[in-house]
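Per-chain numbering from 1; labels A, B, C and D assigned in written order.
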Amino acid sequence: MDSVVESGGLFGVWNHPNANQMAYFGLHALQHRGQTSAGIVTSDGENFKSHRGYGLLNHVFSSVEKLDNLVGQSAIGQVRSATQADQADDSNIQPLLFHFNNQSISISHNGNLTEALSLRDKLENDGAVFSSNSAAELLIHLLRRAKADSFQEAFELSLKQLKGGFNFCLLTNEGLYGAVDRNGFRPLIVGQFANGAYLLASETCVLSSIGANYVTELSAGEYVVIKDEGYQIFQYAEDIQISVEPMEFIYFSRPDSDIAGVNVHAARKRMGDRLAKEHPAPTADIVIGVPNSSLSAASGYAEAHGLPYEIGLIKHQYIGRTFIQPTQALREQGVKYKLSAVESLIKDREIVLVDDSIVRGTTVKHLIKMLRDSGAKAIHLRIASPPIRFPNYYGVNTTHTSELFAANYTTAELNELFGSDSLGFLSVDGLVESIALPFVDTPNRGISLDAYTGIYPADIGDYREEFESSLTALQKNILKGECCDV
Amino acid sequence: MDSVVESGGLFGVWNHPNANQMAYFGLHALQHRGQTSAGIVTSDGENFKSHRGYGLLNHVFSSVEKLDNLVGQSAIGQVRSATQADQADDSNIQPLLFHFNNQSISISHNGNLTEALSLRDKLENDGAVFSSNSAAELLIHLLRRAKADSFQEAFELSLKQLKGGFNFCLLTNEGLYGAVDRNGFRPLIVGQFANGAYLLASETCVLSSIGANYVTELSAGEYVVIKDEGYQIFQYAEDIQISVEPMEFIYFSRPDSDIAGVNVHAARKRMGDRLAKEHPAPTADIVIGVPNSSLSAASGYAEAHGLPYEIGLIKHQYIGRTFIQPTQALREQGVKYKLSAVESLIKDREIVLVDDSIVRGTTVKHLIKMLRDSGAKAIHLRIASPPIRFPNYYGVNTTHTSELFAANYTTAELNELFGSDSLGFLSVDGLVESIALPFVDTPNRGISLDAYTGIYPADIGDYREEFESSLTALQKNILKGECCDV
Amino acid sequence: MDSVVESGGLFGVWNHPNANQMAYFGLHALQHRGQTSAGIVTSDGENFKSHRGYGLLNHVFSSVEKLDNLVGQSAIGQVRSATQADQADDSNIQPLLFHFNNQSISISHNGNLTEALSLRDKLENDGAVFSSNSAAELLIHLLRRAKADSFQEAFELSLKQLKGGFNFCLLTNEGLYGAVDRNGFRPLIVGQFANGAYLLASETCVLSSIGANYVTELSAGEYVVIKDEGYQIFQYAEDIQISVEPMEFIYFSRPDSDIAGVNVHAARKRMGDRLAKEHPAPTADIVIGVPNSSLSAASGYAEAHGLPYEIGLIKHQYIGRTFIQPTQALREQGVKYKLSAVESLIKDREIVLVDDSIVRGTTVKHLIKMLRDSGAKAIHLRIASPPIRFPNYYGVNTTHTSELFAANYTTAELNELFGSDSLGFLSVDGLVESIALPFVDTPNRGISLDAYTGIYPADIGDYREEFESSLTALQKNILKGECCDV
Amino acid sequence: MDSVVESGGLFGVWNHPNANQMAYFGLHALQHRGQTSAGIVTSDGENFKSHRGYGLLNHVFSSVEKLDNLVGQSAIGQVRSATQADQADDSNIQPLLFHFNNQSISISHNGNLTEALSLRDKLENDGAVFSSNSAAELLIHLLRRAKADSFQEAFELSLKQLKGGFNFCLLTNEGLYGAVDRNGFRPLIVGQFANGAYLLASETCVLSSIGANYVTELSAGEYVVIKDEGYQIFQYAEDIQISVEPMEFIYFSRPDSDIAGVNVHAARKRMGDRLAKEHPAPTADIVIGVPNSSLSAASGYAEAHGLPYEIGLIKHQYIGRTFIQPTQALREQGVKYKLSAVESLIKDREIVLVDDSIVRGTTVKHLIKMLRDSGAKAIHLRIASPPIRFPNYYGVNTTHTSELFAANYTTAELNELFGSDSLGFLSVDGLVESIALPFVDTPNRGISLDAYTGIYPADIGDYREEFESSLTALQKNILKGECCDV
């Protein structure tokens, strides 16, 4: 059985007359964080109601009745990207909901616990019955077995036993709880409505979408308790090290979100600007970005050079759940449905193509071919982040070296493999300084660099053995400090 | 009974082993032209198959079986935006399909016939029974009543009787036919696959999506006949005047399409550049565009000024068919779901906001309020086209003066009503010169300016009386040449 | 192109505050008459609303909104069984709805016009455009072309031109109209609600389901006009001959319906009683009927003999639209899903198996095998109607001799082919006397016997040639009076 | 939290090449046992696949893909009727599926455990986390906590701890298991396919539907283990008392099923015969039964008297999941949709109305009114089972005295309340002798009479307190032996 890598967006609200609606619109603003399942659980202080399913939020809530059924003034919800294996089983759709004779608890979770397998093994050997593969259920088992005088104490004792990356939202009839791991890999913010009700959310972009204000952001090792009388933040761990996941800035988050006070679009634009300085393309005619996540960096690159920023690639909209994908034979005949090149712009031009990052490398190869077919004279590929060369174990869905194209190749080799005329990655320093988090005294200004350096800010637990046994020659060199062009 | 204003995207293919698939992916690339219904009709040379319904293409073809059922090597299809009234009746979903004892014909249609009502009246008085409100059915009645020796001759005789704006695709067991009106308001292109099969489509952006090449574009007053032996273009009318609908460049078409050899994104960028010159904003800090149709013009404006081009408004994706819209009460509490402002960019900045055009004026008022709420210091509204002050009768869905906000107000009044700090529209000359069609000897270089000037390139037929009786004071002044700031 | 054989149930209501609901529940009570499509059209005196689709009524009206949208105080509706070919095209789903500049008309229809093809040909050659294959549309074309001073006059003129079997319901903004053919093959009744509103329906069983009372039944060659001031019945034809379709009693109608004052269940029970007298089975142990249409006759047979009536065959319920049918391989392994035999009743018993009629003969062969496999000692097959040996051209879906198993075989041959131990059919006289219609002076007491005798009560028009060219030896003998065991 | 009362149909198959199809058609034949949810879980010996949902089987398996996805040669499945409260939570849909690090188990369950609440309480206090309200999950917790050397031993130890009524099917990668409670309240049969594969099912009617043969029936206190090498039956309990639930004969089971060798239809017919003897109606004209479950008893009654058996009540078919029910106002106007009376049979007749049993009493009151409205001269109500006066705690969904109309009234009072002219119930002896189970040495010949006598064959555990505190005066008298007319 495979452990499940969580990723997604969390939302919670306490004591709001339209808790179900707030959850819906809040999750709508977080939909970019996960598209395979969606769910909302509400409580009226006595009973819980739930509706969850596979698909986009507006597919799962396909009629207003489904939302209206979720009565109650408190809610938690989640949108999530599940792995293929995980999707076979609908018991994994979050938020999970547990009923006990003395209490009900709903829980949603983001991230990856590095000791999930060994912890589950231990609990099963002790007679525990699991109904899902979700790490969220681990927390429930710990909670129920904790020797504690109060729910809050049990929660704190349970959090102390967890390792890795996690954000949790829990709803009981008594309160709404949120928690982040010891590294603060991903944000979890507290907001407040005009009517005084509090909310939890994975990104600040939620706030403007539902008419709420920013209150604060949980820091590494903290949890929050929200009850009728207000919110209180507690620290459950001392051994913290702020290590924000850089992919939140590079790719995941919406451009209008702020993390630790830094706006995502602005950070991307600075990455583009810095990339232009580190890897100029003086002979280029135009700059284009891969839509949509690379557009900010591309315009930053263009402005730094004074080059025209053009919409040279069009992203097709309208690709819904039931979209019929072209067969391999049709693809080979040139049928495309995701991106189109604007031939009249590309033809006979020297192009700077800005992409946000390289993971598997398949898209960028395909794009370069498409631009060549459209008559590009030269293609200067610029990546607005360093090469990803090490797996992530805290919740980003890249847990295997084999999925990382750059884990085996130098930049020069990559340039050749991609078919670009030149290739430049943003440096690690460039990344840290472009994001410019305010944590100036924290290592790497509070950015987690493990994906580039192989140095992990938190113990990787059950993954240690796999990590070591699968190291590539290039990875070994980087770890020895003998490489690489980062 | 109301005549139906047609708008949408047409596709046809003749003699291709994957005609159904080609129609599907071709219509997918045209989905931006119409989202209320979709349909495909195929022929195997003997029998016709059809599947049509309300909703997006991928909703109507919700399973691959529905597409696979459409056997045959020829197809026509349509995506379409229907009016509310029209949607009550599914007999209007195109392509229409008619079976006669001696022949079957499928037809799809774009545009608006200015004499549809009087022509239908005449036919009904002569005993004709109509099963839809579509102008496409008018053509079928004319065809069936034509005294002609061949289908092609009947087709030509029928086209001669039609006035206004139209693009037609017809499929019979013998051939695929296309036709455009005497003004060429909207493009209809001929393309060719690598295997030799021909296609018809409303926009060139289809070609790269399905791996086909551009052959030619039908010109005003022409029709095309495609049979196994190839394609042939004929002229059915002498009294032509090329008058391309400017909204195709401003708003409708996809940026990667070319019309009469002019790329849409490039034309928009030139409009933005020209707008910057006509209405500069020297004290502004940043330029933002209304996503997605105004982004090209906004980057053109920014580059002309050397100002930063920023993603200051985020368009929410994932708003599907079943999206639950916020109630009025929730809207008033600040719940939004279409656009968000990036507060950290907007705050304390002087903004140039570029929008492509003003029709009802509601969105722009809403956006200016949103930017003010986000702390904008000043907002310079720039519209990359002239004010639309006269209704359109050739197929753009603005047939009533009452729907046109600018029909009553000067620019100064509009600036006040919108709440912007300054307002500038692109001039009519600026529009014509930015688009820069190659028809240098044609009036207005082949652009239809009726929406701005009230001077119509084709007789408005049944609409004459309504037009004259509903003229506003401002419209009268424009027609007298005494106004206006265009 | 094939002419479409109509069959189904009609309903109409005029001036009732819940017209849409009455249509829904009225059609629900008629669902047994047609299961492939359902539709309702309503009028509020100005506008028409429609909802129609393939499937059972409760599938087509899958949400209460779909019904609620049908505003207005008048309605017509239909449930219908369509042929396979017909189902490919949703333009055939009734009621049809036509909009003219001066009027709208909705129409639904039952039956088969014997000159439909030649009439359509004539109209098409005169320029008529048809949007469906339905005979209902023929009436609309005749109506629109009629030289008449009023709608009623046009209606009457049009009815005069129609031959064959038909029941029509028409709804305009001015009134509700119903008409039956010159033979009164199928009933069309007028009913009245407690609130005074009138209704039309295909069967009296509708009345108790919607709380209405019986008023009258249209007779051969009559039409009814229902307006706010009440109902009026007119005769449009003189050359009438009452010839009720016997399958209405044998199979189609619900047991609680009355036709011409004769209850269907009671008639069936009398058929069973008479059958017992004509073909006793003195050594039999029990009597069983094929569910559900043969149960009344089986209990009549049992009572006549004083034999136990047993539920020896179980009909599976719950076979919905999406039921997955067993593959041929599974059927051969014994997988069944329609009927089960009650083995413990059948085993070692001598059985009388009563079926209502023999058309294709496949079911009865299958049943006899099933009873043999369950250990029946002997099977005496008794059919509660005469052998069907001639096609029907007035609306029963058996228009081809090739579909009629008994068209080639004598009773003795059939007994052998079916594998029964003995076989007896009800005689033609037995049928006529069991039904016992009150029309004692009409040939055959008003029952149409063409299916058994080949003598047609109305001209068979376009079908004459096919009829004559496909006569079997047995059919020829019957026509010559030289046969047969009826 | 409420304990969930289980009812439904179970199916299991081991080592059949079409396990998924067999489960589908097997459950189809059991659909009458439960209509709110359906599910199938398959195993290929390594992995489990599942598909489950609310609705009828053919709604849950709405496409053949859903069934085809369930690969593997073994399967268990269930159709089930859930309580309203239960339906709010889809985690209760069976079969349940649990994954452990060392094993997966799927389980389905019928019945009610009388100590479910206290057992769950005990387990929860010991740290157990439940994901559903189902008793099936209790067994899983017991299994996982059992100190045993093998799965079979753990299964046996767990069964020993359960009280009340239950049938279980379990599927692991190693085998298929079935078990029944100490009273054998409900049947669980073993069958075999021609290819040698074994199956488990809740009723014998499954066998003929899927082409399999009867092998044996589990008796009280037994479980079965099916593996590749064959099946073996074991006894886990000594303290058994066969007490078949009489409602299986009276109402639940399909007429073609046999229980302990007794055919259900035949038993019902004997009940009708005995009822005629105990409560004759010498002046009656006809006998009618409430469709469908009372038809056998009604024909038995009619034959005993030599009275005509008539189809006087018609049950409407075609009431699907999305059927729109009439509003209260429409019901009052006479709109009906479930049953119709055949007025021409009823009018001026003296009627024997046979119903199978009285629970809430609402239907029978409604029917008597309907017959009166149809003109019945007199109505003799005959109930083919004794009055249900005590709640059931073993799985029949009548756990509260308040739901039992007869718990407060004598037969004379009931006759008055129902509005019938006379009323007779089958006696308890009559019931026992009509069913005539072969267990002649067992109390009540192996029939459980608690519903009539208040004497429970198995301890009622957690329900004892509620039972005693809610006793009505009539119930107390019965328990004292001072009453009643049974």
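FYI, a contact is a pair of C-beta atoms (placed from the backbone, for glycine too) under 8 Å apart; a residue touches a chain by one contact, two chains touch by 3 or more.
As the structure is a prediction and not an experimental result, all values here were calculated from the model.
K.L.:
Just to be sure I understand the contacts, which chains border both chain C and chain A?
P.N.:
Under the touch definition, chain A and chain C have B, D as mutual neighbours.
K.L.:
On a C-alpha centroid basis, what's the spacing between chain A and chain B, in Å?
P.N.:
38
K.L.:
Between chain A and chain D, what's the gap in Å when you average each chain's C-alpha atoms?
P.N.:
Roughly 50 Å, centre to centre.
K.L.:
Find the geometric centre of each of chain B and chain D from their Cα atoms only, then give the gap between the two centres in Å, rounded to an integer.
P.N.:
So the centroids are 62 Å from each other.
K.L.:
Going by the contact rule already set, what residues in chain C reach two or more other chains?
P.N.:
Counting only residues that touch two or more other chains, chain C contributes none.
K.L.:
Identify every two-chain combination in which the chains touch.
P.N.:
Between chains, contact exists in these pairs: A-B, A-D, B-C, C-D.
K.L.:
Can you list the residues on chain A that touch chain B in the complex?
P.N.:
18, 21, 24-25, 28-29, 31-32, 35, 56-59, 61-64, 67, 193-194, 205, 208-212, 254-256, 258, 263, 265-266, 269, 295-296, 299, 303, 306, 308-311, 314, 316-324, 326-327, 330, 333-337, 340-345, 374
K.L.:
Which positions of chain A touch chain D when the two form their complex?
P.N.:
Against chain D, the touching part of chain A is residues 1, 49-50, 88-91, 97-102, 117, 120-121, 124, 127-133, 137, 140-141, 144-145.
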